[in-house]
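For clarity, chains are labelled A, B and C in written order, and residue numbers in each chain start from 1.
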């Protein structure tokens, strides 16, 4: 069964994979089976919820152990080369490595769900605040509105992307028919091409206008020419649209498609996406609000470290002195301005060992490496012990406490 | 002003000084010739030795939150790949926003590069998307790259022609602001070469892996970006690349240097002020 | 005006939500407008440095809301749709791609995910440990192979290269594999340092042996070097973030043009 689940493009349908049709009729068979799978699994969980409390721990521990076993098996099973050159683990004749992508898929979905739970608890907290009239209710409203806005714009942008994909498929189909000399220019394609002809010119005109304004701002051109140049350019664009649309109409009549038309349609589909309302709104909240704020939050820490360094970084012991001296050398070895002080020394001479970058790299590579590897090995052993405890159900918090 | 007063200085004066220093150096930077680190040149030289149409995997794990360092690195990397015409697929594991950021940055680079028009999406490059479970994704890439990438629909594109296993890729280059590179050290199994571009914070824990040859080179922070830009400048003297080699790596270097000097000064003055204030206290 | 025929593509169209993807208008926001929005939010953020204020709190809440909203979008688009919904329901044939059948067995994942939300319930919160156990179990199972792959190469690389095969200092012209006396000494320092640090960890159990205690003291100093490196590099990263924001405010927003 895992083999079938893992196959993303299987050649035919079978018990585990059912045909998907273009219309909603697929619900009759595939939909029913999906529902069945959900109901059966739901039933199992419903029954699990009813088991006596002393059976709960074995259930959780058993499931945890079995999940861990998948990767342990993948690791310890003898490996062999498959036909396609990849390394696989085999149990008898069964390719065990086929199971890994399915397991990985399940775990990705579950990790996603944990993230969703985090969002749900934020939502619950602030929704509660608004209705209880908390003194920060206004800020909670702001938060909820931001959340809602991001979700809506995000899905609008996604819809625009999907539309672009559809358009690209349409263009690919027309192109493939054309090469077979049958002629496959459809009304939908004609519509797309006609609109694209317009959009491509509009975008060009838009860029021209921005360019012109920039030139005027820099003083390279006189403001008085703006009206005239724009009018001339606009007339040119309108003429170009008329010409192109006439050509597209003629091609449609003769059931042909030229390379220019295909290129125009492709560019048009791209413009429709990037100038769609959804994409523009999403770009505003994502690229102009969310992301810069994230960077800003991180950069605030620079100030807090600065004031901490001024107030609390005191040389009182050998340890503190070593720490500060190291920090100083590392900082200087990453600054070209400081490196320039010693960059005159020939790096191949003995004195070259005392160049600032040589000292910095030596510290990073030798003593720092000792420290990091020591810490690493300690941590690695700790993680290994914890993994073992989890699999054996000894770790608190994972199994029932 | 007495030392005692200085040691209890309002922190807002420090903030103001930092603001002024960065303002001054951003507007009037002092340019200094670069000294390229061997860790940066390790990665650059390896990539520069690849042939046209070779394939690499770029794992782009940065968003705008670390763009100060990562953007310069990523753009310099893409410039090199575009100029060498090396095919690449971009994956991301650390944040769902990473693919969008990578896409936007690649497009920005292609817009300016002389052969950006020929370097078509799907043929030479593709942003595959986000894989939320980093551990499984890395294992999946090593075990069966086609199966791992199939859900993102990149396997049928020309960019992945002839790539059936990770060992067909010439390198995996991780551009990251997180610890996602560790998984590659753990799971690579010597299938291909590993290169790293990380934030300065990450450098300490990654240099050991460079020393043990588990990665071919490490590009560290804004300085690393500047190194890569300097290498680009030296490797592509053609006048058509004039003005395209340097970007944020060099722009941020001068303010950074002065801000760090200020930090060092603050620590020194803080220490002197404390010891002087204590002496004064003893005298009384 | 020539853009007039765009008017029928109103933002407030009553068509299906999905069709909004095709509705396009010209630019809703000018580039300068967008940058200004960013700049105002950034200034709000930095106003915290003067003191805690309402402007900062507003910006903070906008940020948390947007972040939460974005995770919802991302979970569906990047995880649930491609990993679960599409494999489960399949894809109808398109002219360029064949039909993708639906693997109905993926349906069992939905109840499993719903069970995760029982963490918020009083009586059945233990059930949420089942999906959690699966994730944690998978993580734990991966650690054994991972440990072998990470630490074995590191341990061998730590021990390698102590014995020189070239008498003299190292130089750039050495062929790969050459271990000069100077690099062997460096390697020896690394190994000794590594052992000292490990002995410091032994120190967490009480040690009576004087030699071990001395070694642990040395290990402590070497650890301080490691922390010094971490401190120095952290400073650099944070400062660059701030410089990047200042660059945005000064060059992108206020349009100063620094000499390049």
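Everything that follows uses one rule, which is that a residue touches a chain if its C-beta (ideal position, glycine included) is under 8 Å from a C-beta of that chain, and two chains touch if they have at least 3 such contacts.
Just so we're clear, the structure is a prediction, and the values are computed from it rather than from any experiment.
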Chain contact topology (line, ring, star, complete or other): complete
Farthest-lying chain, centroid of Cα atoms versus that of chain A: B
Averaged-CA centre spacing for the pair chain C and chain A, given as whole angstrom: 11
Between chain B and chain A, distance of the C-alpha-averaged centres to the nearest whole Å: 18
Numbers and ranges of chain C residues touching at least 2 other chains: 49, 70-71, 74-75, 77, 79, 83, 87, 138-139, 142, 145, 150, 154, 158, 226, 229, 233-236, 239, 241-242, 244-245
Multi-chain contact sites of chain A, meaning residues that touch two or more partners: 8-9, 71, 74, 103, 107-108, 111-112, 115, 286, 292, 294-295, 297-299, 302-303, 309, 324, 328, 331, 334, 364-365, 368-369, 372-373, 376
In chain B, residues with contacts to at least two other chains: 15, 18, 65-68, 97, 132, 136, 139, 151, 189, 200, 203-204, 208, 211, 220-221, 223, 256, 260, 263
Residues of chain C defined as touching chain B within the complex: 49-50, 70-71, 74-75, 77-79, 82-83, 86-87, 138-139, 142, 145-146, 149-150, 153-154, 156-158, 226, 229-230, 233-237, 239-247, 250-251, 256, 258-260
Chain A-facing residues of chain B, complex: 9, 11, 14-15, 18, 30, 32-35, 37-39, 63-68, 97, 100-101, 104, 131-133, 136-137, 139-140, 143-144, 147-148, 150-151, 164-165, 167, 189, 200, 203-205, 207-208, 211, 220-221, 223, 226, 253-254, 256-257, 260-261, 263-264, 266-267, 269-271, 274
Chain B-facing residues of chain A, complex: 6, 8-9, 71, 74, 84-88, 97, 100-101, 103-104, 107-108, 111-112, 115, 286-287, 291-292, 294-295, 297-299, 302-303, 306-307, 309-311, 313-315, 324, 328, 331, 334-340, 343, 357, 361, 364-365, 368-369, 372-373, 376
Chain B residues within the chain C interface of the complex: 12, 15, 18-19, 22-23, 26-29, 65-69, 96-97, 99, 129-130, 132, 135-136, 139, 151-152, 182-183, 185-189, 199-204, 208-209, 211-214, 220-223, 246, 248, 251-252, 255-256, 259-260, 263
